[in-house]
Amino acid sequence: MPLLKIDGKEIEIKSGTTVLQAAEANGIEIPYYCYHPALEIVGSCRMCLVQVEGMPKLQVSCNTFVSDVSSDRKVDGKYDMVVHTQNDLVVQERKNILEFLLLNHPLDCSVCDQAGECYLQDYSFKFGNAHSRFDENKRVRPNEFLGSQIVINHNRCIMCSQCVRFTQEISGTSELFVEARGYNSKIAVLEDNPLDNLLAGNVADICPVGALLSTDYIHKNRIWNLKKQPSVCQDCSVGCNVDVFSQTDQILRLTARENLDVNGYFMCDIGRYGFHRYEEIDRVLQPMVRKGDSFVSADWETAIQKTIDLIKKNKSNTAGIVSPFHTNESNFLLGQIFKDVLGSLPPITGEEITYPSGFRISADRSPNTRGMNDICEGIVEDLASKIKTQDIRTLFILDDGVDRKLDDKWKKIIGKMDSVIVLSYAMTDLAKLAHVVLPGHAPLEREGTITNDKGRIQWLRPSLPVKVESKPDWEILMLVRNALDKKTEHFVELGEVMKKMGEKFENYAGITFFKVGNQGYSINGKSS
Amino acid sequence: MATIVKSYEPTFWDKLYLPALMRGLIVTFRHFFRKNVTIQYPDQKHIPPEGYRGLHRLNKYPEGRIKCVACEMCSAACPADCIHIIPGPSPWDGGKERYPVRFDIDLLRCIFCGFCEMACPEEAIELTEIYDFSDYTRDDLVIDKEGLLEVYDLTKDQNYYTKKNLSKASSVNTSIDT
Amino acid sequence: MIVPLEHVVVLSLIIFSIGVLGVLFRRNAITIFMSIELMLNAVNLALVGFSRYYNSVDGQVFVFLVMTLAAAEVAVGLAIIIALYRNRQTVNIDEINLMKN
Amino acid sequence: MNTFKPVLTEHIDQKDCHTLSFYKSIGGYTALEKVLTMNPDHVTQEVKDSNLRGRGGAGFSTGMKWGFIPKDSNKPKYLINNADESEPGTFKDRLLMNKAPHQMLEGMIIAAYAIGCHTSFIYIRGEFYQEYKLLEQTIAEAYDNNILGQNILGSNYSLDVVIHRGAGAYICGEETGLLESLEGKRGWPRIKPPFPAIEGYLQSPTIVNNVETLSCLPHIINRGASWFKSIGPEKGPGPRLFCISGSVNNPGVFEEPMGVSLKDLIFDRAGGIPDDKQLKAVFPGGSSSAILTANEAMDVMMDFEELVEKGSMLGSAGIIVMDETVNMVQACLNIARFYAHESCGQCTPCREGTSWLVMMLTRLINGGGKPGDIDMLFEIADNIGGLIDFSKGSFGKTICPFGEAVAWPVRSFVEKFKGEFMEYLPQEKVVA
Amino acid sequence: MSLSLLFYCVAAITIGSAVFVVLNRNAVYSAIALVLCFFSLAVIYLLLEAYVIAVLEIFIYAGAIMVLFLFVIMLLNLGKEDALPNLNYLQRATSLLLVLLFFVGIFIVMIGDQGLLHQPTEQFLAGGIYPLGEALFSKYLLPFEIASLLLLVALIGTVYLAKRKV
Amino acid sequence: MKSNGKPKPRFTFEDPERVEQIFSQYPDKKSATLPLLHLAQSQEGYISNSVIDSIAELVDCHPAVVMDCVSFYTMFYTKPHGRNIIQICQTLSCSLNGADELVDHVTDKYKIKPGETTADDQFTLMKVECLGSCGTAPVVQMNKEYHESLTKQKFDELLAEFE
Amino acid sequence: MDLLGFTIILVKVLVVFAATMLGVLVMIYAERRVSAFMQDRVGPNRVGPKGVLQPIADGIKFLMKEDLVPEKVDKPIFILAPAILLIPALMTFAVIPFGSSINLFGREIALQVADVNVGVLYILALTSISVYGIVLAGWSSNNKYSLLGGLRSSAQLISYELAMGLAVVSIILLAGSLRLNDIITDQQGSFFSWNIFRQPLAFLIFLIAVYAETNRLPFDLSEAEQELVGGYHTEYSSMKFAMFFMAEYANMITAAALTVTLFFGGWDVPLLDEGSLGLFGTLLSVLSFLLKMAFFLFLFIWVRWTFPRFRYDQLMRLGWKVMLPLALFNIFLTAGYLTLKALG
């Protein structure tokens, strides 16, 4: 392996990596704009210039590859390459490049939604000059909509062309292009081909400045006010890693989080804007018990007791319905309560889309089908017929949530039940049919693990505070189970449920949040 | 080189202190007859000097547009955490496409340090010379955007406490009552 | 003289007795001291009474001298008490028995 | 002096000099015949031996460039004739295409043979419509006479030549920009490495040579490398077409050996300056080279090394002469405007810097000069193109040499004619 | 007659406050009671036409000595005494008996001797400052000087005691 | 946003053989973009959106990519222009030899500024950078032809030819 | 004693009491106004014309305020203390003659509540009593600051009482009497028979001691705000606090009256025989007494707003090391002078 020396630090790294990657991996900061690990290298921003000993010119570190050199050409007899990222020449160069970048960049950080996570802002602060020598008028162009969700502020654009390359290479839709050349060049779309693909939101993410903005977040807040929580998208079974940005109890936006094993660097707009679904829902905040045609709120004790009574009335004719929207832990606990009959409602599907870059939107629009199947023993294929044959009179249902639209068939089946207990966060169609509604956590409040369709267990982290009297799903199920089976398995926290789950299912043995971490843990390769 | 400072050697009269005491008495006695400087506050208003940090205002452009772009630098800079802004797209054209939908300042938390003024990149928030704002409830002392703009109207042309405006003295209270 | 001498003397006697009782009963050095003052005053009273009865100034001179004495005594006595207190953190004379053993 | 007999332009004054028959009559395609019998490596070696250096501007050794072509690659190899002559002050290729297209074509075939290429392109400037038409004719003629196509001249070597028109972009004269343009994209130069000789047109090994360079090849083959080497200085030998334009009585293209003195070129060949005006400044190698003052120009020899020593370069040998009446600030603006217009806009310094230069110079000319502007011009120029220090090599900051091409002339203008720039500044500053 | 009534009233106050002094467990209260006692004594002196002594009583006893007491009490932060100490009954009873004997003895001597209440008749002339002054500085000059010497010694002793630890 | 419902005008090449020939010359389709654009422009006068769409279809890529290419080059006009284009070189040699006067001349004569078209659509005046004929400066390109070493008089004569 | 005599005494007591209380009110007003003027301010000017009713308003305010007795105080003493302070302050005035005598109901009535032959001693005795008020207030409040204030104050009073007494001794020596009327008579005649001219040193010592005795600046260490919050009256509120307040001013009035009596000829108008002028003379004498007193009261205020507070050790040093020796020296001088005079 070639041995590098960057700023006096010895680094041994694989041949063929770039200096930029080598430096980044070793905590040496080299600024850049046009480089993106998932995109083709163009080296146009010139921000990452470094000095490489033995080369007359400064080199762009994003396109300078590390390789073994013959021993007689090694520097100091041992280094294959000696790089300076901090010397006067480089520092001065960065200043100059930043000066150029800021020539026509408006100083409207105060208005710009990127402020706070803007590379131009950060680098100007770190490396730039304090004052601009530019006396002339800045180039001013009006904002344009590139697509229904993306607006471009041409003035802020620094022509890194990441967005153009994104549409060409990742989404393969090539809506964006650079119009004209030189001083007049700008990012544009053809009038009849706007940027409206399902990955469009990513261009706002990758834009290093505030030129490309998502209309969904524009002028909503400032980034430093928001809490950033790494989590997992729950809108399809791919399970893209996301960062959830929230303020107090409101989610403001989702951005993709890097996970090369799952989603790379991007996410689709279905997931990106999916959180809006939960904003205007009829939230269940207290346990509800049916009284005639309407519900009355009850406290937890009565609700649980009522649940137990209903189940006990015809214990052998009770079925549990697990949900691919819930975490492994909730499904596991429900599965343990109703071992005899366990099933799930018909899957919620959409269009399966695979982009040329390999990015995928799964047809299965529920996040945890794989996990649900893994973790529930004896889950029946055709629940409807099973209900008929076994004369099921009581159902305990984990509600899929707002996405579930009950068809008439199921409405009929559920309507015929003696008693229905639903664990839900909202008054969905399903919950309205229930006799007892137990308020659980909404998707972005839940904690637990989910398994994506490729068998990767990922950590679903709560991004919002708990609402009023709702309890974590696993805790509710634990209470029901304890009361029903006279058990005293008291789980204080989710980790204990996971442990229990591991004891039962070999694939999930030894899974902890620590092990899952931010990047997930793959159970592929293990026999299922 | 150190300079040697000779300590003052008190004279006999100094040690006696009496002349000094007399001088002191004369000083105060002279003041007894001087013109007094008291301002009869509610009747007369003190006109604060330039740079006085009193009630806030939100500045407007001559054409009526709010200068504030809701960048929240002021709320970030505020040591008392008394500024709360909800931004939104601006209803005006041209350039600054963001403006505060809500802009609340909790005057009871505010310590009038003026950091918001310093942090403001648009020179939108400014502390005026108004010092006599008071109210009966805590809620009434949270001044909102409309109130702040009203303060601007009251203070943009001249010092709030100059004669012409005095008749409006009560209007400040109503302005922040909102 | 508005009252008979005996009444004055009896009063003096009573006060003196109270003083004695105080000295005997109380353990607090300060209170004892005050009781002593009481006794001295009783004596003064008697002296004044006699002086009045005999229409002589001598009694008053004695009173004067007693007062002087009392002042001196109090000054020294209290100083001793303070010094004691400093050393032993108490003014209970039962506990101040350094020289007893 | 006049003992030199033009090589490339020997016959350009003659009638129908562009036709195949004429070219054949002066011994055309004999070199090709000779080459076709040779091992391609030997051809490369011959060219290497001749020390032929690229005539396009950079002056890189042609033979060496060919040598970079990977021998064991399975990919097709391409030869591209760079006829995208856009450098201000240069018009030699147009002349060669007009007057001696077959000479160029022969050179192309030789080069293609040497590198093992079977499809070759002529990337001609979009504006050269007449030349394009002429070349189409020429190629048709060549196909008709089995000079192109399958089994050229009976050998088992075949070659197709395609004329590709550019569409008006100076930057497409840069080889990677040209390749992009050829691939049907915008002419944004590519980042190097990889170099075109390894991964060029369609990721295949590609050689890009200038028209004049290619035109030299038949003569080298015919007369031998040593003959070629004997003309002019050893390090950069050969005949060279010097284009003289601007304030001269007799502008045009003059073929002289390398190392001819600039004074001779201007005053002897180009007939000096009209109206007996004084010489003021000269661009020795197209607008991208650093300008020379009259004094410097008087005793400079036109060869690669000496001009570099003088702080300029031979470049494309487009000599632009400016007389004393020329306003150097205006001239500088003119050049800067050209570059701002032609900047591709890919890299930051060039995209932003060139327009800044234009804005500043415009302001200067419009009387808005400020103290410190001159230093700033210097710095901006440096920031675009890099610190110009010929002794240590230049420090380019952009993907292609365009940045340097902007920086050099502007910098030299400001440096050498500071006085004139000073006049545009507020007066008290001049005194100070 | 009213004045003699006053005498008995004041005497009662005197005795009451004296008892208070002895019985109260709070030193501060004792001191205040003592001051009250001195005041009533001063009134009695006035009634006995010994004006100078009366004023001196207040001046010296109340004004100086008792302040000193208070000062010390506060300085030592004595506050309340826990309880009256347990008494050695034999000792105490004996003492009490002795006092009573003394008291009774004098009473008997006084009454038994002549059986009359002694009441001076003539105008008292020695109550003012002049006679006292004259007596002090002539007849009793030596005791006076000795008294002042005593004061000096007390002064020095006090300073000595207060200044350093014993 | 799909061109607001109107049927999109389609562009077809008049000479499909020429198109075929162009494609045959290049090893890949994309490379034919420029020649096709040239061809289309000579047929249509400028590059319209329909031209871009059909070329994109031909070379098998997204229209935006073609547009990206078109917008880069100065010789492709995305808007209609006059019947004749006067392009006057502005760069140093020509400028030294009086190109500016020629521009002024046209401006005076036809009352058009650089970049504008005469009212009768006869001429469009353009200032261009170096045309590569510096030895014969000043040079003017009328449509595709170069006209070199012009003087005002010669220029007038030349313009008269086209009027 | 007949009824008339008793009535006359009662009236005199009432008059003196009322006058003193009125004086207190006036002083409260005066203090605020004068201090305001000295600081170029206006002072109270809202209640009544020129704010003269301000003290009444203050008094009403005091009355209306909640009378707060903190939990841990020694209640009886806490309540008693202000009274202990106020009563001696009011009693002192009894022996001070505030005018020559008048003839009413066929009697010559001295304008003095009680003509005590040991008047000076009486005054000294009473002033020494006022220490209790302060000390007890300080102690009973169960508060560090109060206690410290009380202790400081009592030490200060005792220390300065000595110097004050000794200063007065020299006057007594000159007058040959402890009766205040005798002292006044002794000073009758020209200006220069006033004791201030005969005993300037004694006057100085007396004046300074008086400031210390009344706890006024520059000797108000017992309530030094910067160190002790409010000193001995920190815990007091409402009327109890007002009593402290009144006591302070009553003390000031008494002190001023005493100063006038001892050193400025009392009610005597120099170069004038008041007795011969009848009622007018009496009025004149009262007026003269009041005027002289007013000056000293003004001086109190004046000094307060002029001088900074002493440090405690400075105060003690001044009392013991400067004032006391000086006073003794002064007595020595006076005695020597008298002896020489007696010897001829």
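A, B, C, D, E, F and G label the chains in the order they appear, each numbered from 1.
By our rule, contacts are C-beta pairs under 8 Å (C-beta built on N, C-alpha and C of every residue); 3 or more make two chains touch, one makes a residue touch a chain.
This one's a predicted model, so the numbers in the text were calculated from it and none came from an experiment.
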Count of contact steps on the shortest path from chain D to chain E: 4
Shared interface partners, meaning chains that touch chain F and chain G: none
Chain pair showing more contacts of the two, B-G and A-D: A-D
Centre-to-centre distance between chain F and chain E (centres being mean Cα positions), rounded to whole Å: 131
Rounded Å distance, chain A centre to chain B centre (Cα mean): 47
Whole-Å gap separating chain D and chain F, where each centre is the average of the chain's CA atoms: 25
Chain centre separation in whole Å, for chain G relative to chain E (CA means): 29
Of all residues in chain C, the ones touching two or more other chains: none
Residue numbers of chain B (touch at least two other chains): none
Chain F residues counted as touching two or more neighbouring chains: 65, 68, 71-72
Touch relationships between chains, expressed as pairs: A-B, A-D, A-F, B-G, C-E, D-F, E-G
Residue ranges of chain A in contact with chain B within the complex: 107-111, 115, 143, 218-222, 224-225
Of chain E, residues touching chain C in the complex: 3-4, 7-8, 11, 14-15, 18-19, 21-22, 27, 30-31, 34, 37-38, 41, 44-45, 47-50, 52-53, 56-57, 60-61, 64-65, 68-69, 72-73, 75-76, 78, 81, 84-85, 87, 91-92, 95-96, 99-100, 102-103, 106-107, 110-111, 117-120, 122, 124-127, 131-132, 134-136, 139-140, 143-144, 147-148, 150-151, 153-155, 157-158, 161-162, 165-166
Residue ranges of chain E touching chain G (in the complex, touch as defined): 28-29, 32, 35, 51-52, 55-56, 58-59, 62-64, 67, 70-71, 74-75, 128-129
Interfacial residue positions of chain C with respect to chain E in the complex: 1-11, 13-15, 17-22, 24-28, 30-31, 33-35, 37-38, 41, 44-45, 48-49, 51-58, 60-61, 63-65, 67-76, 78-87, 91-92, 94
Contact footprint of chain F on chain A as seen in their complex: 164, 167-168, 173-181, 188-194, 196
